[in-house]
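Dropping a structure here in structure tokens format, bear with me for questions.
Letters A, B and C name the chains as they come in the text, with residue numbers starting at 1 for each one.
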Amino acid sequence: MSGGTASPQPFAPTAGLLARRRRERLARGVFLAMTVLMILPLAGILGYLVVRAWPSLSWSFLVEAPARGMREGGIWPALVGTIDLVVISLAVAAPIGVLAAIYLNEYARDNWVHRVVNLAVITLAGVPSIVHALFGLGAFVYAARLGYSILSASLTLALMTLPVIIASTREALASVPRSFREACWNVGATRWQTIRAVVLPNSIGGILTGIILQVSRAAGETAPIMFTGAVFYKAVRGGTLLPYRLDEQCMALSMHLYTLATQVPNVRPSIPYATAVVLLAVVLLVNAAAITLRLRVRTRPKW
Amino acid sequence: MGLLIRLCGISAILFVMGILLFIVREAAPVVVSGRVSLVQFLTRPEWFPTSEVHRRYGALAMIAGTFSVTGLAMLMAVPFGLGAALYLSEFCPPRPKEVLKIVMELLAAIPSVVWGFIGLTVLSRIIVTLTGAPVGVNMLNGALVLALMSVPIIVSIAEDALKAVPDSYREAALALGATRWQVTWRVLLPAARHGLLAAVLLGVGRGVGETMAVLMTTGHAVQMPRSVLDSVRTLTANIAAELGEAPAGSDHYRVLFLTGVLLMVITLAINVTADLIVRGVKRS
Amino acid sequence: MTPVVAPSPLLEVRDLRLSYRGREVLHGISFEVAEREILAVIGPAQSGKTSLLRCLNRTVEMIPGAAVSGSIRFRGEEILRTRRVHELRRRIGMVAPLPVGLPMSVYDNVAFAPRCAGVYDRAALDAIVERCLRQAALWDEVRDRLDLPGTRLSGGQQQRLTIARALSHEPDILCLDEFSIAIDPVTTMRIEEVLRKLRSTMTIILVTNLNQQARRLADRTMFLWKGDIVETGETTAMFESPRDPRTADFLSGRVG
């Protein structure tokens, strides 16, 4: 501290120190303001969405079919369609993704194949969703002759979530200390016995969190299903539990919101807002579940 | 069981590589046959995919659209993202920090179609009121939405990068009598610069790859952008807008796949760079 | 004292070479281990002691880039080429330097290896758990808390738990890799006592960073230096009159 040695009181603040303290307070204030400025408007916007949606938000909105060219009525077919798509895509992607991650993390040797695979997984995790749409259309709809169908759309979503599930599962597996594995190998356990007894029980929370996050991503995506199996409108009676066959097209919440917002004139104003709020609620609830699960896994006493 | 795992692992890997190869394969014929020249595709702004007499496949306007929207978005998102990351990692008390991080995570989870809807309904009205522009769906709107979307990613990755700076650096500097601001400016930012750069790059990656939000908010005119209030079209939005109308196997269809290849190359470059930077940080 | 080399050795290592990604860490070493002896392996850090143990139970092949050549015969069977790797690891127990209580109950920690080998009978498992914990001198401390997670024991207890786990198959050879590195001197003495008792039923290969520990426990001692065996001999003789000047320097603390 400049001049500190000459001062009679050794800890008396010098002019320089005071200026530095002021600057520190200023910096803190600016950064806080940036954080708040980012969150407050968003909270405002979300509140606005809910207010605008309010007139339409009701139980019957959820369970009724759209009426009068989607200008009135509810969103049941889209809600069920989204659930179908998410369930089927995750039923395909989660087991394959988890097993692939186990293979990569626990079995594969560290050679060039491994590195190429890593690169492919990273690449695919960053590929824009519209590119997945291209692939889904070309490969599932045309080449595999699945046509525009729930199956095509679900498989497209599955391929989109697969690399992310692989990546998050690998991260969860890698968090289990290597010493545990070695201790198991040392007493004659096979790789699979080791994985089942020690690795999986101690990474399952992280693995599930990763999968649940992909549930919300799959539910919110529009581009990959737009050209592979989601339609603007499909006549379905409200409240029916399994209205779609796998080889049929279906409605989906995200697609429905896009349609209402851009393609349908004279919709009752609160309906698109209500659709957006329902989609948001679904996605945020699923995410909240994932976060809760992760917090619980983290607070559990560990090694 | 070991066998099943191997099988699944290898098949997943084949899928993953299959996608990359398939997209390239679908795009290749139109380039190989010479009906569309790569140079023209990359350097000409004329895009008339359905014209009978004057068919042109030039993607430059869309490339410019993608980068101008993303660039403008980053101009807004990067300062806020890094500022918020600094606040979270260096100044914020632990309790609010946990809450803020969860809020960030939830923000990152909002589906892009909802962002698009927000841009279309809320932001466009605000833009029209404030700037007097004739329409509210334009480059500025798209950039605002993209900025809001990428901020949570930038914050979370930048915060990781700052957290990776060993506490001993902070303690050493504080022990020398530095204030926290000095520690942040002189020690943390230089030490975490690679991680922060990676955070920005991943934000750019998300911006370039975003589809629905820009499709709904940028106004969609194929033109070289001149002002932030111009309507623009991005590479992704172009695919989304035209894929439904392009007959399978036609030149138009293949050119859209070519656009997909271009997008893959761009995002691949960005992500691999970011990944290398992050790995470099972890190793050192 | 047993004879220095038994007529038919339990373990016979010939020209063992090991390299990691082309960097050779064991340069063709040969030695023998007899039934029911304690062989101490000493040497400075990075001399290949841990790598040697990893070759004996073939966990070395879990390390990416490792390449082994030469021959290790265990009761006449070639270890490096046997297809019954897991059976082999049950015959050759291994205790790692750092205590590892697996994240499961103390009981399951010990019962893990027998279960992996197909023993599910509760009474048989109970007997094995009690025998191993007694042998490892841990039984009296945990007999009422067998359902406690292994990770919650103290470091010294976890190290004895690790030994108990290694004993669950009644191995012919027990390898210990610097077992005392992370535990207190009192526990170290207790474990040394355990090893003295075990010596009557099995062979022990003891890699140690404490020369005095080798002197207290071992029948024979082997001095490993930069991937080569410098000297092997009867412990007392070696400590009192080392033949090689490097051994003398190491034992007197001038090197390593």
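Quick note on the criterion: contacts are C-beta pairs under 8 Å (C-beta built on N, C-alpha and C of every residue); 3 or more make two chains touch, one makes a residue touch a chain.
Just so it is clear, the structure is predicted and the values come from calculations on it, not from any experiment.
The most central chain, judged by C-alpha centres against the centre of all protein C-alpha atoms, is A.
If you tally contacting C-beta pairs for each pair of chains, A-B comes out on top.
Annotation: 16 Å between the Cα-based centres of chain A and chain B. Inter-chain spacing, taken between the CA centroids of chain A and chain C, is 48 Å.
Between chain B and chain C, the centres computed from C-alpha atoms are 54 Å apart.
Annotation for chain A: residues 190 touch two or more other chains. Residues 1, 20-21, 23-24, 27-28, 30-32, 34-35, 37-39, 42, 45, 48-49, 95-97, 99-100, 102-104, 106-108, 116-117, 119-135, 137-139, 142, 159, 162-163, 166, 190-192, 213, 216-217, 219-223, 226-227, 254-255, 257-258, 261-262, 272-273, 276, 279-280, 283-284, 287-288, 291 of chain A touch chain B in their complex. Chain A contributes residues 109-111, 179-190, 193, 197-198, 201-202, 301-303 to its touches with chain C in the complex.
Of all residues in chain C, those touching chain A in their complex are 57, 59, 62, 64-65, 86-90, 93-96, 98, 100-104, 112-113, 116-117, 149, 151-152, 162, 165-166, 168-169. On chain B, the positions that touch chain A within their shared complex are 1-2, 4-6, 8-13, 15-17, 19-20, 22-23, 26, 79-80, 83-84, 86-88, 91-92, 100, 102-103, 105-107, 109-114, 116-118, 120-122, 148, 151, 177, 179-182, 184, 205, 208-212, 216, 236, 239-240, 243-244, 248, 256-257, 260, 263-264, 267-268, 270-272, 275.
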